[in-house]
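Below, each structure is written out as structure tokens.
Here subunit A shows up in two complexes: once beside subunit B, once beside subunit C.
So, the complex of A and B:
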């Protein structure tokens, strides 16, 4: 293989073609959603989806409120306090595996544990609980990656100056890895906003603006799924689905741009 | 000082409790999925559940055979990887070695967008384009919709691509430049060096990429459910509808009760075991190949 010039040329062409195909596929999908959705992006849709947007924000807020401290503390423990013993390896395997668990399994677990076992209602609260578990590995991983990039001399310097491990964490480690934490949060928001399978059994469904966390609700993604399956769920039929899909797409693009912006700002600060 | 030490002790305990809690979550999930699924496995029989072809959960004499759906999951995964692996590997090579840094960053951003697009939207897109196309050209005459295994494979390939590309790109970037220089120095050209030296050096990373891609594909639910037609069917004709394990759970959970519900949890157990096998494979690959790129 690859001994003749024509073979080399062929492989080179295939390599470029694959990349072009990839870009075209994404471009096709994004432009399809934009073109179909733009005409439905009006006041009617905003009125219809205001409760969905508020519900989605509530789930994002509560899930992060739980997952963020838990994730950051776990990452600190894994990076600062442990050696690479057997127990730590098992903890890592467990958290890595949690990251690979399909969302429908989270959905099954949520129904069994929160609804049947703990007796919670189908509500925004239950959905936030399961989403906090779904995004936890994401936050741990991102925080850990950021801690790993700290120059060991900075930590040693802090310790040598007489600072305790605790002070070193507070004054050196956390301020330094704030960008990794922010990245984790942004990715987590993206995951929560788009998630359907993990919460569909526990969030219930509603079309009015929720008054508390303990009411059932519909997020943008769960409602989108319902409308695609059964267009009569919305007064505008399948048109609302295109509109909501466009809103979700815009959120995803914005969040990804935000990651770039954060990295850019902190890259400068780190020099 | 005492107050300070108390605070320190408090936080250290907090860190420790957090990590213990986080690592016990997986166990908690396993316990509850098994707790709900075991009754059906016991009553209907593990062997029968895995190998019986018939799934009729609401019949008078219900049967809970999962084999058609297990096959659908395995076949759709393999076929979608057959599409996603060549496209993913070739474009990763292109990104790392053949294009400028600027173009690479732009395309990587596009890949990140693809990774971030919710699966419902990917399913919706394929439903309105590919499935509609199939309907117009192949199905109109026989009067069924275009929802099919083929559409599911297409959706799954789209979902696997970002995972495969991001990890392969990282693996290729980590290849020791000495290998590359040695190969070029021996007179191999750029393409020969990439495909004969660098891809081999990055082998373990690429394997990890494929395995993780497979994990993502096996667990995919919403997108598949929208386009697969959701009829329990397995056939060599890819234009016919099918139903995967995940879609089965998501479709029937809303109205299932009793043994039927337990059987759905049992299919969750099967899915979970498949994913854990993948995770363990991954662990083995990474442990074995750890020194490759050093």
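So, the complex of A and C:
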């Protein structure tokens, strides 16, 4: 039992130190990137990286478009329609495994399956496809957790009023889970924007602004990877890597704010 | 008088547990029937058979017939959604949806496909009036139902059930989470509602059963021990077990 005064004190100090360390670490990393990147963050870099920003946003959009319905409905199926049979256990196991797979494996899979086997072009579409698989467990897990917190009385209340299961899902379960879904979306956005290994073999590379989802492109992260590998890829050398890193950070923050705003408006409309 | 429910030889198992054993019961139209008995006696389980809410429970197996207006509803072929439109339910804890008061009342009608705004407005007003809630909420129909007090929330749940224009309202200990004043209001409401609906209420309070019901059914360990007019059950029970229970000798 940890009840000696000095033990309690020690635990307190340790947790305190850990918190301080964590905050300092994040602060140091972010400020490092800001300080290094800010001097390169000018119109030239923004112009140079406009295609990167657009490509990144396109991958985020398409990957979420594929992963969201798939993930939400899988989660509902797992929580509402099934009773922990063999199939469900297998599904859960594969979702958990999917979450633990290193992204380079996804990259290898995407290359061999999408490009070589299915014969898809290296494109934003192929990259979005693999990213939707990468973020699927995040969406499913977060939605499932949210569904678990639903008061069963709400579901029974809806069914007792003659609502079908579908209506109940649509009007009671999904609105109730919005917070969990949003959480998953925020995590997914961070993952997609920052992902390199899973997509770098299937997105190709291009420096012009893509006109469709079926063109190749470079995201901020893949370009960043290239520049760090080979600074001559950019006019400013390694310097523009910091600039791009800063843009990447800003985009994640902006997208998260946007998602929260949409959620806020949604909640307000619901009253 | 006409029967609205005629239950014949109803048996229910949860897995291997025989939770309802050969229940036979007839329920008259426009009466209040109280189901009493100690915890775990099967009264709530029985209530949930009447709108097929037990369908949701895995491993629950039901045999026997439940004639509702002379049609057996305990059958795969009978659509439970149609049944629930005619047999509304109010639960133990008030469970309004996290929506506005207005949206809560029209939830059922909307599921039935009623979209006419004027018709919905009328339904909201008449249902809330019948549930004795209209005066409390008429100026804030669009504010959240969760802002209401517990008693108001439960009356909203009754209004929500009434808006379906059902024949029967099932109530599963509707006042057990409420204070005495809110309870008294609900009891008064139940007596008023009897004019238009058949009400079947599960209650732990024998005083409540005596105050509001016309008929009382006493359940014990999955069996229906005695079913008669409430006056008779409380004044002159025929069965020794009933007498022991209502006089508080066990329970």
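As a working rule, the second predicted complex is superposed on the first by the 232 of 271 C-alpha atoms of A that agree within 3 Å, B and C clash if a C-alpha of one lies under 4 Å from a C-alpha of the other, contacts with A are read in each partner's own complex, and residues count from 1 in each chain.
Quick note on the criterion: a residue touches a chain if its C-beta (ideal position, glycine included) is under 8 Å from a C-beta of that chain, and two chains touch if they have at least 3 such contacts.
What you see is a predicted model; the values in this text were computed from it and never measured.
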Partner chain in contact with A:171 - subunit B first, subunit C second, else both or neither: second
Which superposed partner A:156 touches (first subunit B, second subunit C, both, neither): second
Residue contacts on subunit A - larger count, subunit B or subunit C: B
Partner chain in contact with A:102 - subunit B first, subunit C second, else both or neither: first
Partner chain(s) touched by A:190 [first = subunit B, second = subunit C, both, neither]: first
Residues of subunit A at both interfaces, subunit B in one complex, subunit C in the other: 164
Subunit A-facing residues of subunit C, complex: 51, 53, 56, 58, 81-82, 84-85, 88-89, 91, 93, 95-100, 103, 107-108, 111-112, 142-144, 157, 160-161, 164
Touch list for subunit A against partner subunit C, complex: 83, 151, 153-154, 156-164, 167, 171-172, 175-176, 270-271
Subunit B - residues contacting subunit A, complex: 7-8, 11-12, 14-16, 18-19, 21-29, 32-33, 35-36, 86-87, 90-91, 93-95, 98-99, 107, 109-114, 116-125, 127-129, 158, 161, 165, 189, 191-192, 195-196, 212, 215, 218-222, 226, 246, 249-250, 253-254, 264-265, 268, 271-272, 275-276, 278-279, 283
Touching residues on subunit A, where the partner in the complex is subunit B: 1-2, 8, 11-12, 14-19, 21-23, 25-30, 32-33, 36, 69-71, 73-74, 76-78, 81, 90-91, 93-98, 100-109, 111-113, 116-117, 133, 136, 140, 164, 166, 169, 190, 193-197, 200-201, 221, 224-225, 228-229, 241, 245, 248-249, 252-253, 255-256, 259-260
